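Presented below are the structures under discussion, each in the form of structure tokens.
In the two assemblies presented below, chain A is common to both, partnered first by chain B and then by chain C.
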Partner chain A sequence: MSQQASKKAEVDLPVHYKYQETRRQKTGVFFRRKIGWLFVIVSIIAITIFNFYPMVQAFLLSFQSGMGANLEYVGFNNWQRLFGDPTFIAALTNTSIYLLIQVPLMIVLALFFSVLLNDPKLKFKGFFRIAIFLPCVTSLVAYSVVFKYLFGIDGIINQFLLNFGFISQTINFLADPFWAKVVIILAITWRWTGYNMIFYLAALQNVDKSIYEAARIDGANAFQQFFQITVPMLKPIILFTSITSTIGTLQIFDEIVNITNGGPGNATISISQYIYNLSFEYTPDFGYASTVSYVIVILVVILSIIQFRVAGEKK
Partner chain B sequence: MKNLQRIFIYTFLSLAAIVSIFPFLWMLVSITNKSVDVTQGRLLPGTHLIENMKTLFATVDIVPALINSGIIAVITTILTLLLASLAGYGFEIHRSRGKDIVFTILLLSMMIPFAAIMVPLYRMFGSISDTAPLIGIDSLGAVILPTATTAFFIFFFRQNTKMFPKDLVEAGRIDGLSELGVFFRIYMPTMKTTYAAAAIISFMNSWNNYLWPLVILQSPEKRTIPLLISNLGSSYSPDYGVIMSAIVIATLPTALVFFLMQKHFVAGMMGSVKG
Partner chain C sequence: MKKFYLMLLLVVGMVVLAACSSGDEEASGGSGSEGSSDVDTITAWAWDPAFNIAALEHAKEAYNGDGEYEVNVIENAQDDIIQKLNTGLSSGTTNGMPNIVLIEDYRAQSFLQAYPDAFHPLTDVINSDDFADYKIATTSFEGEQYGLPFDSGVAALYVRTDYLEEAGYTVEDVTNITWQEYIEIGKDVKETTGKNMLTLDPNDLAQVRMMIQTNGSWYVEEDGSTPNLAGNETLEKAFETYKEMMDADIAKIVSDWSQFVGAFNSGDVASVPTGNWITPSVKQAADQSGNWAVVPMPRLDMEGAVNASNLGGSSWYVLNVDGKEQAADFLLNTFGSNPDLYQTLVKEIGALGTYSPAAEGDAYAVEDEFFGGQQLITDLSTWTDEIPAVNYGLHTYAIEDILVTGMQDYLNGAELTTVLENVQGQAEAQLK
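What follows is the complex of A and B.
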């Protein structure tokens, strides 16, 4: 632990020193400080116009109601409507189910793969790595359509299960509220596990092999090594991937629309899809749609804070 | 015991590899078979490939969709690289307390869910449709603009700029280059690999983007590839061979980019979290 701390200080010092130096150099040249802003100003304006300003607009819209362009302020009506809206509750429940099952499942799998692939004695390492990463080259829409057909009633999965006697009659995966959710979770996991694995693999390369050596001499088995060395060492990257995955899954849209289109009934509808439907499929109600969208914003903020707390990082 | 462990590891990894690859194999086999064969679960290559391609190009407007997606992806990528690298360079090389604060605020925008700003953006582009149709609703410009500047790529370039030798900036200044000259003549050529990595990610994101084009594009001739595939996928009497052909064609550019530039790709992913 103390070794780690001293290492950290060594790395931090030069960066800090450099920072001081460049600042001192710059204070002499007033013009250079101003031109620095020229480099960043276009991006600042663009992000303000296309991200922050719409965020404020959406907040104002969440207190308005009406059809299409005829909007008027209705106070907290939209927010109250949320609690009595069965479709919203279904969307929130489904999204939470995807999140709670899919993100941990994927992260554990990705960690597991990366540890196995990090074994220097493993053969065909390159092949396994590329194979598991391959799903990431597909577009979300394309793989969703493929999964829809794979799990169709006459799809190859059903035929496989039938032929090998796992089931006695075909399962209509996408028309069953339970199985439809399972297919969606499987699909997302298939697409993103390799992506997360790459992060862990790269991080594992920076872990000093001698730590494992020492642990083995001390008699630690593979599981102890995993939980007491690998997981703590990878904590920052696990935190990073769980936050990005959480934000991603909270916004899930492409897969739902293209695999089940929210059905059967509203058994798989997600919050993003509901927002889309409220705005562009049903009679447009931009006000209420914005209220629903702010639920995602609130969830993203809360979950990110929780994950930071759980990881216990002082970053 | 050791052997058992080995067997378990190889079986497990092989299973994972099969699950990962199977949908691709199925896609590739399906484009060579008739729709009927696909539904009967045929897993052997057939002879229907040319037939499927002919039907695809004759019945589906895949060429215009490829062109639309190509235009959008290329322009988005160029804009992203230019603006984000300028900003990343500015935030790191011309560092100041004020800019550090602004940078942190910009980073917060990465947490904004797209679904939350989609409606205001739609209304915003709607309000300028009459005065500026090139960037109004149902224009490729409107697809490009909100996606061309993202805090992620600014962050990405800034992280990578940390490794850029700052002495080069001084050297350039002494040689009489202007501040922009230093950027274009020295920084850009030195950071080629960072640009390559960012280009790959940006191109893939743009090529695969679905929700925003779905919202903003309306006329069929403006459709991008993901919109076209989504449309094909939801048809009531799907011709599997043809749809799979469209999917394979749509996946080819990103798959090629990945295989040709694998190293940059992984480096790019890592570059975004390092530091």
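What follows is the complex of A and C.
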């Protein structure tokens, strides 16, 4: 914001003025821009105090270790410790699995639903949109608990599978390392697909109908229209949703804690839950916990850069 | 332009510096107020309205000292209390901290060691000999007594007498037995009644914790911080016993508290080995009245193991903030010295304390019809005194999370010594 504002002011100046700038006039320029700065300075200070300052402190904290308030600097020990910590590695692996399977699955599903719902011939459009979006307004904890009971050993899913003869014995979904992960992925997909769909729907409204018309006249079928027109037109939105979903999945916490509590063993534990455990469940080591937090930061940065590259955005 | 950014940075830097230096002042002001200070109100935090909150309310009524102050009881979820204490104490500010707080025994040492000056010692306030030994071990640190022991987590075996009878056993047959004998009985019970003997939650090794304490062992060594897993014979025995139970197919697998309670309320299991705080939940199934009995916890089949153990339990702590004298005074004149209060607690809320002089009271001798006229409270408090004292140390939950994965490997066929060496290595790596 601030940068844009200052750039604009610079552009507005007459060309000759720029070349004649003297020391005194420079101050004048600064004075003229002051009003603009006054508008943004409050939020800049607030962001600095409440965002950047804690970030710097957390970074410093990641080089300290100790119980509770007895922290001391330990250099890169925490960072070395990460690589020898099986729980951290398990958490990282699980989170990566959620990320690699769930995000693409959800993006494709959301895209699919939004294209279906954008069909002008579709009846009860409002109903379907609400039905798919509704999971997003449910509380994270409430829906997690519902999923936990659905997939419980006496839950409705087991009953259903038994009654229809798909299985001969109940599956203890939440006590099985593989199925527990499946349940988590199903749950977050259910919760967030509608949310991403809304972005695509909004973007689709802005795609000019005449492009599709022209495509149809040229003989493009539905698949070609989808891959040649819809996907390229939605590319910025797809990029946006995949980045936000990636960040969201990297920070996944509520679902894991409420559905499986990280179990069985460490089969579903996520990085965020491990951070929580290090800070509040075990004897608190805030230093090491913030090192683990910074791993998420680094991952988000790396993954976002990759996504920008893949999507071919210049900036 | 550059100059301006520099100025901006400077301004922001100054603001930030000002912000943190003022924070420091506040913190030092808070902890610097040693000396005695009079306050009108003291605050107490606990988490269970049916149990420890209710106990505090009864304590307020029973208070017989001459201090003049209000006691403000606030209910917080246990997890919230842990978080608030951790964030509050580590930031160094005592604003918003309570005067009295209830802390679970398994966590006590980690708080006492992580925040050395945050708690007010009660060594001169209470008489440690009045309380069960094992509680004193967990609530003191470096020779100072910090906690006032509250509820007993004495573990017991709740059995369905009707199922046992059907399988040809009496209550005597399950009294003071070993876990091996328990498993044999369990097999017979399953064969004749089709009911499982107990529930097990693969994510919660409470069963293992209770087993190892019968032999005075714990996840950590005496120092409270060195993991004691590889080569710990008691733990090996407990793991073997756990696996035998699984292999004998006498355990119903549950994954949370409601399934656990549901299993015995619906009559799916023949026994419940757990802490005595389960009594109210067992009694929920009123139609099962008379079909239950409570016997001492089975012991590990080892030299020195006793038929007494513990699961959970908590104690009161006084924080080192203004009003600590009043808080200590309140605790002394209620939980610390008033046997009558403990009678009320037993009668009104079924809370069993660990204050030994209270055991002679009438309420403790009441016969409980639900348990076939057994003098349940008397029995439980007798067993409380036999619980081997162990230092729970700092890492109970951290190690347990590692052990849970180890247990999975072991149940899936890995060799026990390898598994335990493995978890020992993991624990040492994680707890540096």
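Here, the second predicted complex is superposed on the first by the 271 of 315 C-alpha atoms of A that agree within 3 Å, B and C clash if a C-alpha of one lies under 4 Å from a C-alpha of the other, contacts with A are read in each partner's own complex, and residues count from 1 in each chain.
Keep in mind that, in the parts below, a contact is a pair of C-beta atoms (placed from the backbone, for glycine too) under 8 Å apart; a residue touches a chain by one contact, two chains touch by 3 or more.
If you're wondering where the values come from, they're calculated on a predicted model, not measured in any experiment.
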Quick one: on chain A, after the overlay, do chain B and chain C clash, or do they fit? Just give me the call. clash
If you stack the two complexes on chain A, which partner ends up touching A:261: first (chain B), second (chain C), both, or neither? both
Applying the touch criterion given at the start, work out whether A:279 contacts chain B, chain C, both or neither, answering first, second, both or neither. both
One more residue to check, A:168. First (chain B), second (chain C), both or neither? neither
Mind working out whether A:36 is in touch with chain B, chain C, both or neither, as first, second, both or neither? first
What is the contact status of A:44 with respect to chain B (first) and chain C (second): first, second, both, or neither? both
Thinking of the overlay built on chain A, is A:210 touched by chain B (first), by chain C (second), by both, or by neither? neither
In the superposed arrangement, which partner chain does A:85 touch: chain B (first), chain C (second), both, or neither? second
Of chain B and chain C, which one touches more residues of chain A? B
Which superposed partner A:221 touches (first chain B, second chain C, both, neither): neither
Location of chain B clashes with chain C - one stretch out of 146-154, 182-190 or 218-226: 218-226
Intersection of chain A interface sets (partners chain B, chain C): 44, 53, 148, 154, 261, 279-280, 286
Listed in rising order, the residues of chain C that touch chain A in the complex are 1, 4, 8, 11-12, 15-16, 19-20, 79, 82-83, 86, 89-90, 92, 110-111, 113-116, 118, 202-203, 253-256, 259, 394-395, 397-398, 401-402, 404-405, 407-408, 426, 429-430, 432
Under the definition above, what is the set of chain A residues touching chain B in their complex? 18-19, 22-23, 26, 32-33, 35-40, 42-44, 46-47, 50-55, 57-58, 61, 113, 116-117, 119, 122, 127-128, 130-132, 134-150, 154, 156, 159-160, 190, 194-195, 198-199, 202, 237, 240, 247, 250-251, 253-254, 257-258, 261, 271-272, 275-276, 279-280, 286, 289-290, 293-294, 296-297, 300-301, 304
Touch list for chain A against partner chain C, complex: 6, 30, 44-45, 48-49, 53, 65, 67-70, 77, 81, 84-87, 148, 152-154, 172, 174-175, 177, 261-266, 277, 279-284, 286
Spell out the part of chain B that touches chain A in their complex, as residue ranges. 9, 12-13, 16-17, 19-21, 23-24, 26-27, 39, 41, 43, 83-84, 86-87, 89-91, 93-96, 99, 102, 106, 109, 111-124, 145-146, 148-151, 154, 166, 179, 183, 204, 207-208, 210-211, 214-215, 225-226, 229-230, 232-234, 238, 240, 243-244, 247, 250-251, 254-255, 258, 262, 266, 269-270, 273
